[in-house]
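Below: a set of structures, written as structure tokens.
After this come two complexes, each holding chain A, first together with chain B and then together with chain C.
Let's turn to the complex of A and B:
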């Protein structure tokens, strides 16, 4: 029988050990799945590492993927702390991309580049925030389950993108917009062919700012109290409505910013596939980082490496990209299972005394 | 009534019953899982696992019914992961369910890649019930279907009876309402939660396998296209009652059948907007249902999503 004793404090080494073991076990489970499909896991992982870190160019491509993950996971670290489970980053990312692209495609052509880009980023951020405020209001006023609401909004956002791309925004019947003019392209920071862009600095700034909000401000303190005990938070005079809504706006806004930054700097065109699944990957990043936005930066780079490597093995070894989802979810399973030892002292006894 | 219009309507409604059954099976399973106090948000992943392994089983054995059972078994095994993490290890049920969805999506698109667009030659065929299928209007809609649809009807009645009229149902509800009290009464809390979580997984798998072994007998990555999430929402709509699940599932089946007919009829309504329809409807329904549940105080198991820790007094 297993016996659980509640811990008062989690030892620091466990906080580090559990995520590391989860990653290793997740990679192991990925290998088992690969073996069933007669794929050599050592070769696959070798190719993933090479595809992610093999050269300066491949590493910059890894960072291209890390940028949206860093932005989105920073916001998720904040909302998840107050137990508002926003899993709608995908939809917020899409709406952000649509709102910002509107200006890129139909805005005044004479506008100066810094002004146009600033307005695009602001509009994208607002779009993502708007898409997050809907489920937040429904949650605080009517207690509508935010997981289901945000998820359904992901599907609705995808079809809104479809609507525009197959409608007036597409070109000659193809679901592909015209190319963004140079003025509407967010600058890249390394020489071609690297696509790494200044969104990286937005991401790093967002992670630092959210870290400061959580650690050093009254709002962050209230958010943490709210997450631990909602009733206590209300007694302490914390405005639960306001706190949840502000956090949702921040997380939605960052997802929207990620959407428009990636579209404007990397894709330079609006299309059906704008890599919005980063919205799901970022959830794993935030959780794996223990909801610490600075740790999430590092985790985002690691998950980005897995994704970049995943694209590579699909092309080079014809290993389907689905394996990335298997590995990511296995890591998450192990982490969730491992949380038992951070919360409880687990001992094996012969028989539990009732 | 114009005979051609009547016959079209009957065809649409018969299609609605089929689409409704895809949603009914996972919804029913989740009603029971949540009644035991376990929230499983991984239905979408479980349905995909059921759909793929059901399809694979049917391809390999040539028998779609064996395929369906294999799909159910695979999804039940995946649901056991959820039960282990959430019941034994007291993990966060929301995030575990999400992980399950990512897992199901990844696993089936990994193994399914080489099966994309292959077709099943022996899909599940309809079997009209003699006598009942002769009833005008109702017969062709409800009783000229396949065995899985009929199994859906029977399960609704069976689970309703089980939940509200038997000792098993009393215990199941007690575990979801107040695990400590149930434990004191001698009910096996852990065992109950495991059983209904795994059974709920098997039913989600059945819903997925019903798609690939009968309605769309081919494999595509992500073939369930969000139906698992609609089922999660339908549980709230059903207020955790098996009979209401039937109403909800068939209502949403009708929306889907209507959408398909409109799509086939002409292109003057934008297809993106039509495809959005079920998700918009679900979104509105979840809001209304939540408000009703709040006013009438029915349904929601009190300890839904809360792990049971015996030693904590």
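Let's turn to the complex of A and C:
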């Protein structure tokens, strides 16, 4: 029988070794599945690494995926510390993309590019923030569980996107908007074909700012106290209402910004599939980073590499899409399972006769 | 040397280190069959740590444990349970929303998939009957009083077949009557041959209930003595290494202006029942007003109404003439109202944050900790260090979560933080609960000092001796009302007792 004992303290070696072993174990599990599918695992993994880091171009594509993850996970690090479990980044991302795209599609054509882009980003951020305020208000006024509220709002957001795409924003019956005009495209920073865009700087800035908020500011302190003990927070005179709302606004706003930045710079068109599942991947990034937004930058890049490399082997090795999913999820599964080993001492015992 | 056969348990050379501190330093401890053995020591001496080692929660760095002549390796509470050890922790470990039955069988290995509640209930009742108390097996934990919850903890350990029972400060949360009932249960167990380890800071209890006493000081063993051969004073000296005053000096001072005035207050408790019943009370500067009463008669609610943590349905609260009825904790803080709550980990402190974070909880908006939007953690550390030094708090690492402090040191930190704010009105709820004799003396002295400085102190306590020792007047609370106020200089204790029981009002 397995037995778990909580550790007083995690030794440093474990903190480094466990994630490495977890990834290796995940790769091994992935290999087994690949062998069944008659794919050579070594070649496949080689292709993933090549696909993610192989050249300046592929690496820049990895970063394209990392940008929204960095933005979203930074915000999540803050709200999760406050124990506001926002899993609605997906919905906030979508609403952000819709709001920003509205200007891109229907804004005055004469507006200068910097102004238009700034307004689009602001509108996207506001849209995401608005979508996050809803569950925050439900929570502070009626104590509605935010996990359920944010999850359900994800579906609503998806269907709002459907509504626009199949409605007036689609073109000739296709769920696809017209292409964004050049003025509405967020600048890319490397020569074509790289799609890496200045959103990268937004992401890095967001991570640093959120880190400062958590570690250095009054608000960060209030959020930590509130997350740990609401009654002590009230005695300390912390305004619970304000703190929850502000944190939700920051988190939702960053998700919204991720949505509009990705849409405007990478897709350059609003469509049904705008990669809103980054909203879920970012949750994993935030947790694996121990809710530290700077660490989350590194984790986001790794998760993005997995995803980018995954695309690559689909194309290069013609493996079915499902296999890529299996590899990704095996690695994630092992990483999360590894958390148990870092927090608990696990021993194997024989069950004593009763 | 004692004969091996009658020794239930021997712990030898137990050493347990934590970052920054050796909590147990080669400690030896022996427990006989059928004895009540007290573990005594100052706050942070390492009593709970030693017992947690025995309960398998901590694994010792050095040393060995022998139970009934056999060496054992205790790596989890489950191991300890299998060797007949059951521990009742300083903070209870019950699940509030579950019933007594469910809590009792929680974590029990032998239970199959299907739970026969009826037979468990019968066994619970049988155990209770054996020790002459009652408990409703189907009641939910949150419906029980603290004393009843403690009995559930006892039943839990007995149900699992404990032969060695560890009680970590069981009486800290009990009224004197409840404590007496507990001692009855313990004596009964002892006569059955069970061995009991008992931790308490109340020397009179130690003297009356235990056969032997082992004293620890700063992680080291001072010695084990027969209770019959020592006096309270000698025990205190073994524990602290110096003589303690058991008597406090109370200066005669001029009473100041009225600071707190509560008029016709009405408020609900957490279960929505009216807990304050048109209560009125007034406290002056330079006065300690004791509030006596059996727990659950509205004392907590009264404190919470004055500190802005509970909503008044009707009535008024004024502090120094300013109406602060239903004001926010923030407003009250600037009015100079400070609070030392009984529930220190629930209201007063944030267990998972560091000493530094906890020390500035009420001050982080002020200079020098606050610089606009930012917090100057350097200044915060300096501030925390100041409190630690001035109040002699044992903090191994000030950046470690506060939950690793010993119970008494948490209380000292809380007290230090509140008093450092120069209150006008100080509300202290069981401020010496869980403190060792030295620290208790220190707290009482501090309260008296505050009074001498003109602060109005509202001292809520179930410990009548404490109230009589430090308070100037005592208000007796019964069913959400003050049934009488008496002067502590010429007081009739029997009279107070009757008032607490709701039998009579105050003498005219």
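Criterion: the second predicted complex is superposed on the first by the 276 of 354 C-alpha atoms of A that agree within 3 Å, B and C clash if a C-alpha of one lies under 4 Å from a C-alpha of the other, contacts with A are read in each partner's own complex, and residues count from 1 in each chain.
Heads up, the rule we're going with is that contacts are C-beta pairs under 8 Å (C-beta built on N, C-alpha and C of every residue); 3 or more make two chains touch, one makes a residue touch a chain.
Since this is a predicted model, take the numbers as computed values, not measurements.
More residues of chain A lie in contact with B than with the other chain of the pair chain B and chain C. Of the two partner chains, chain B is the only one that A:323 touches; chain C does not reach it. When the two structures are aligned on the shared chain, A:333 is found in touch with chain B, with no touch to chain C. Once the two complexes are overlaid on the shared chain, A:221 sits against chain C while remaining clear of chain B.
In the superposition on chain A, contact is made by A:229 with chain C only, not with chain B.
In the superposed pair of complexes, A:167 makes contact with chain B only, with no contact to chain C.
On chain A, the surface patch touched by chain B in one complex and by chain C in the other comprises residues 3, 5.
The part of chain A that touches chain C in the complex is made up of residues 3, 5, 8-9, 216-221, 224-225, 228-229, 231-237, 347, 352, 354. Within the complex formed with chain A, the chain C residues making contact are 18-19, 58, 75-76, 78, 82, 109-110, 307, 309, 328-330, 333, 339, 341, 346-353, 357, 361-362, 364-365, 370, 373-375, 377.
Residues of chain A touching chain B in their complex: 2-6, 33, 36-37, 85, 87, 138, 142-145, 147-149, 151-153, 155-156, 159-160, 162-163, 166-167, 280, 283-284, 287, 320-330, 332-333, 336-337, 339-340, 343-344.
Per the touch definition, chain B reaches chain A in the complex via residues 41, 81, 84-85, 88-92, 94-96, 98-100, 102-103, 105-113, 221, 226, 229, 232-233, 236, 270-273, 275-276, 279-280, 282-283, 286-287, 290-291, 294, 309, 311-312.
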